[in-house]
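Both complexes shown next keep chain A, but they swap its partner, so chain B is in the first and chain C is in the second.
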Partner chain A sequence: MTKLITDVVCPFCGTLCDDLEVVVSDDGKELLEVNNACAIGAEKFLHSQAKDRLTRPRMRNEDGSWREVSYDEAAEFTAQMLAKSKKPLMYGWSSTNCESQVVGSHVAELVGGQLDNTATVCHGSTLIAVQDVGVPSCTLGEIKNRADMVVFWGCNPAHAHPRHMSRYSLFPRGFFTAKGHRGRTAVVVDPRPTDSANLADIYLPVEQGRDYELLSALRVAFRNEQLPDVVAGISKEKIYEVAEKMKNARFGCIFFGMGVTHSLSNNHNIDIAIQVTRDLNEFTKWSIMPMRGHYNVTGAGEVWGWQFGFPFCVDLSRGFARYNPGESSSNDLLMREEIDSVFVLGSDPGAHFPFSSVKKMNALPCVVVDPHITPSTVVADLHVPVAFVGVEVGGCAYRMDSVPIESHKVVDAPEGMLTDEEFLKLVLARVKEIKGV
Partner chain B sequence: MSTVELTLKQQPELYLETEKITPDSFAGKSADEIAALDVYEGNLTHKLGDFFTISGTPGQTAQDTVIKVKGDLLRIKWIGAKMTAGKVIVDSNTDMYTGAFMEGGEIIVNGNTGHFTALGMKGGNIHIKGSAGNYLGAAYRGDWRGMMGGVLRVDGDAGSDVGTFMRGGEIIIGGNTDVHVGTHQEGGKIVVKGNAKSKVGGQMVKGEIIVFGTIDVMMPGFAHRDNIDLEVDGAKATFKRFEGDLGERHPKSKGKVIYGQLYIKA
Partner chain C sequence: MAEYIIKNGFVVDPTQGINCEKMDVAVKDGKIVDASEVMGAKVIDASGKLVMAGAVDVHSHSAGPKVNVGRNLRPEEKLNCYNPAKGAKRMEAGFSVPTAISSGYIFSRMGYGFAMEAAMPPLYARHTHEEMRDTPIVDEAALPVFGNNWFVMEYLKNNEIENTASYISWLLKVTKGYGIKCVNPGGSEAWGWGMNCLTIDDPVPFFDVTPKQIITGLIEANEYLRLPHSMHLHTNSLGEPGNYQITIDSLKCAEGIKADNDFGREQVLHHTHLQFHSYGGDSYSSKSFESRSKEVMDYFNSTDNLTFDIGQVTLDETTTMTADGPFEYHLSHMNNLKWVNKDVELETCAGVVPFIYNPNSFIGVAQWAIGLELALQCKDMTKCYLTSDAPNAGPLCRYPRVMKWLMSLKSRDEILDACKYGESVRRQCYIGEFDRELTLYELAQMNRQGAARMLGLSNMFGSLKPGMEGDVVVYPLNPESDLDDGEKIEHAFGNAEYFIKKGELIINDSEIISNGSKRTFWVNAGKELTPQVERDVSERFKKYYTVTRNNYEVKEHHYVPNEYMIEVNAA
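Moving on, here comes the complex of A and B:
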């Protein structure tokens, strides 16, 4: 007999779907089937079942080979490395639960570390813009039930957030949106004709790196001022037409992704998109929302927001929290050689950071906590495999609209494996002893 | 005026935060007392004397104090931050935050400065003989007040984000700038002797931007009004006058809407 577990939360992307169904073996040890998830979400669950999975920490030998060590030895090595560093970077925190993020924050505070999460290479520019000009936002539920116009700007949910459009933004029928996608106008702004653009009623092929100008042009159009004939590769007639449609929507939302957060103008793109949203609220109701990537990157920002006042790039070296992306951001710290050790949990900078940063990681003492073997573990001195959060241990995560959702455990982790939180607690206890606090 | 000379004798392993290198904190102190001032490297607190040899004596007040800083200062941050009077002469390149939040006095840098130079500057004079990094005279993250007063002169080039959220004072750049000049500007004057790339005056409310060279791509919210003759930093020329950003809010004065002014050499 197998067991069916319902209402499972998917710990992969920021859509945080909470309607998955998982079939497990009778003894609850084996995960057999995942239903309702998209392909990437299902893979995350099934990957935990890999037979060749690492189940114990491993330390690198002089000659580059690995030897198995106990979790206690791993915690000792990590605590010593962090406690001895003048400026340790503690990066990642986006594919783990808030409970672990809290323990990690305590460690960082004690060692005077640099806390940064994956927003630094993703929606960090969004967080900067939100701090500069605020943000009129809403929940995904409101969009499902109210939105009759959605704009996807520099994002491609068809591939990056596969169930976003079917669950929330484009297709679902909601309380005031009984016609589903037939009642919604979809606009896609992207230099590339993506699969999301194929679903759009209006597609604006913006010139690469000119989103700031196009967003500015919308604001000019809202105010009925004159525009040049062409802005960012789009004709003024088209811009006036879209501006008019946006003003006449009942409830709209701009979703945006890394096409605008990490192209020319970065935070200014989001800053002005927020001001577009604010302008529209003079006429009707509009919101704006980042398409957050890692399933709990939003949670990392929330936890540090309440602990330190800043959502990423937190510099605790002087005993109080400071924040300045450009200085306290991981890649700047690495490339400028501002740090002397690296601790990674819940992300894979080896795969996401520029090669020049990864080379610096390789040269520094480096601990990576990750269930998988990744490009980051390749440059680590110590690799600590842990239980899969959201699969083998539950915990709190924040969806892209900042709604906290409690995820559940569906199967047991292999015998004797620790969770992120348990390992961090071992490290915290040792750091306290070393620091005498 | 009395002069104190600091010479870097030991490079920090990481970077050093030296916001205490100001006439304000040196004034009235002996060389030993100056050597005992705190500097910071990561989570460690060191003494200024661990890294610099100190000679000479400061004046009794900040106003009477000159500080000369020598050596390779590329790993030194915050020189002259928050100073209110006196003079700091930096003899090499320096790192971030030189003259940040400065209120008065003078800084001369015989080299380049890093990012965030003169962040939130309120008054005084800064002259950088080389080039400056990004966020020159801009606002600190989340602050809506960039440079508010004083004169900031850079002989070379500047990076991106010159004068973001600027509200007063004057920035004069001898060379070129990267993208984003005067974003969210709400007062003050930015002069670019060379070329500016694009995103010039985006979200600008008030103030002036004067470009002697070219702008690759104009913001859509700037409208050409007329051509006028101006004398800028000693040079006379005819400029095309634009007003904007038309997509942004603007205040009214005596019933007239006040726009940001963008001048490009005709």
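Moving on, here comes the complex of A and C:
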């Protein structure tokens, strides 16, 4: 007999779908089927079943080969490395639960760590823009129930957040939106004709890196002022048309992605996108929302917010929390060689940081906590495989609209494996001993 | 557990009628006991000092999504407001929105043992509990918001009290909430379309129910469930000139309703941050704006089923945050600073805006005066509580300053004399008419005896009677010699010399030495879902929420690890 587990939360992207159904074997050890998930989410679950998975920590020998060590030895090595470091970088935290983030924060506090999460290379510029101008936003259910217009700017949910449009933003029927897709106008702004653009009622192929100009032009158009014939590759007639539709919408939302956060102008793009939304609230009701990537990158920002007061780039080396993106952000610290060890948990900087940063990681003592073998584990001195959060252990995660949802355990982890939280607790206890706290 | 005897201090405890008597207080097994019951207890010498029960905060915002938005929104707030870790004490940071860890320490230094987080969006209950879990020492609870909830509005449109109560009971259980909060009834739902409800008779768009129906219905549902706390109301038109009449109209909704509970609570309606709701005039211009605290307090003093807290403006830079979304939007237009809005599906909304209560402006000082006037006109201090609606009217750490103003006419006059518009404020407000100075006894009635009773916690907090929770605080204040010095009052109430929380020494010789064992309180009203509500909840989660019903409930295990559940027997 197999068992069907319902209401499962997907630990892949910031959409955090919580309606998955998973079929597991009777003994609860094997995961057989994943229903309702997108292709990426389903794969994340099924990947946990890989037969060749690592189940014990491994330490690198001097000749580059690996030897298996116990979790206790791994915790000892990690604690010693962190406690001896003057400025350890503690990076990642976006693919783990809030419980682990809380324990990790405590470790970082005791060792004077540099806490940073993956926002540093994705929506960090959004967080900075919010600190400049705020953000009018809402939960995804507000879009589902009220929105008659949605704008996807510099993002491609059809591929990156595959169920976003069907669950929340474009297709669903809600309380005041009984016509679903037919009652919504979709605008896509993107230099690339993406699969999301194919679904749009209006597609604006903005010139690469010219988002700021186009957003400015919208603000001009809202005020019925004069525009040049073409702005950022879009004709003024089109801009006036879109601006008019936005002003006349009943409830609208701008979703934006890394096309806006990481093109020229970075946080200034978001500043003005938020100002566009503020302007629109003079006429009707509008919100704006970042399309967060990792399923709990939002949670890392929330946890550090209540623990230290800052969402990323938290520098604890002076005994209190400081924040200065550009100075206290991971890549800047690595490039300036201010870091003397690296601890990675819940992300893969080896795959996403510039190669020059990864080379610095390679030269430093480095511990990577990750269920998978990744480019980061390749440069690690110690690789600690752990249970999959959201598959083999539950815990709280925050959706892209900051709604907290508790993920569930659906299968057992391979015998003897620790979770992120358990491993961090071992490290915390040992660090406390070393520091005499 | 260690035993303590606090010797020879000046004890103030209105519950026992003790007013600055020199006596000993003993703590054993986490409770207050008779001094004769402890042998070999650790002695704390409180000679020449003030000894009180732990204080109770009835309304502040220190945990939850909007509070965290405030923290992450304002890195500038941490530049000069940090406090490194020391021993067991962890890092602190922030001024108007301190970190969760810092909040616990601020409460402790002020001698507070219990604090109510006054607005919890149900969908974000997990977040609120995560923060409360990480707030050390102080016991906490949170009030879920109901005043713009789609279920509640639909039931109350048809005056279905039983269904409303059934839904409330269910929601308290699944969110681990404490009672019924109502913010800008109807107005926050209207804000979903960029609109508002300004009076208690403005119908809510689409739902076709009035704020008056919502207020009255929630009071009735509260008494139907016999909850420990009453309905907790933030009325429509907060902060608007001329709003005092709307306030009185809202208070009148409670007329004729009697409290029904087993917790010693007498009020059926608590009106929060009343200062923001006691304005006359028709604009913010200094020629028009005026105090109407006398009219509000005349009504209030004539009733016996209402309580209020003052929401005292502290003349600081702060961060406003409320589930009154339209008000925050309005506020952002007054100062053009950064604005955060967050609408929450089917339930509520919230806004966050930094704000400066400028002592060089007429309005700032008038607001400051009106808050104090309310307390100074109150006849029964067990029904009036000290708050700053922290951080809305001022940071939490300013409570001791408010105590100074309440207890010292000289300190109040110093503000009015120093301010550019002090004379206009004396003219257009009532502050200049009062020479009343609250006594320590009255202060203890406000923040201890009365506050604990209005929350339904008078069997645990607010007194040093044997059997009560072992929350005792020793302030460095000599009632015989220090009370004519406002600065000494302020310093003492912000810097407890000793603080025992639930029998454990937290502050020793002015230093925090333990993170305590904080608890989260919640109320299990025990009422089953009626078939109608069961069907509605089931259907709405399928159709309109973006989380499934099974994923909505906050499970105790790691969100409320140290819970204190209060079970209620509805009639």
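Brief remarks on what is shown
Just so it is clear, the second predicted complex is superposed on the first by the 437 of 437 C-alpha atoms of A that agree within 3 Å, B and C clash if a C-alpha of one lies under 4 Å from a C-alpha of the other, contacts with A are read in each partner's own complex, and residues count from 1 in each chain.
Keep in mind that, in the parts below, contacts are C-beta pairs under 8 Å (C-beta built on N, C-alpha and C of every residue); 3 or more make two chains touch, one makes a residue touch a chain.
Keep in mind it's a predicted model, so treat the numbers as computed, not measured.
Looking at the shared chain after the overlay, A:402 reaches chain C, while chain B stays out of its contact range.
Of the two partner chains placed by superposition, only chain C is touched by A:311; chain B is not.
Shared-chain residue A:132: touches chain B and chain C both.
Within the superposed three-chain model, A:52 lies out of touch with both chain B and chain C [touch as defined at top].
Taking chain A as the reference, the larger set of touched residues comes from C, when chain B and chain C are compared.
Using the contact criterion defined above for the overlaid structures, shared-chain residue A:26 touches neither chain B nor chain C, since it reaches no partner. Shared-chain residue A:6: touches chain C; no touch with chain B. Using the contact criterion defined above for the overlaid structures, shared-chain residue A:229 touches neither chain B nor chain C, since it reaches no partner. Of the two partner chains placed by the overlay, only chain C lies in contact with A:250; chain B stays clear of it. Legend: residue contacts after superposition of the two complexes on their common chain; A:281 is shown touching chain C, with no touch to chain B. Shared contact residues of chain A with chain B and chain C: 131-132, 318-319, 323.
Touching chain C in their complex are the following residues of chain A: 6-7, 9, 18-19, 98-99, 102, 106, 109, 127, 130-142, 144-146, 167-168, 173-176, 250-251, 278, 281, 284-285, 287, 301-303, 305-311, 316, 318-321, 323, 395-396, 398, 402-406, 437. On the side of chain A, the complex with chain B involves touching residues 85-87, 111-112, 128, 131-132, 210, 212-213, 216-220, 222-223, 225-228, 231, 264-265, 268, 271-272, 275, 317-319, 323-327, 336-340.
Chain C meets chain A in the complex at residues 63, 65, 67-68, 71-75, 77-78, 82-85, 87-88, 90-94, 97, 99-101, 123-124, 126-127, 130-131, 134, 150, 192-194, 206, 329, 332, 337-346, 349, 352-353, 543-548, 550-551, 555, 558-559.
Across the complex, chain A is touched by residues 13-15, 17, 40-44, 96, 115-116, 134-135, 140-142, 144, 179-180, 183-184, 198-199, 202-203, 217-221, 223, 245-248 of chain B.
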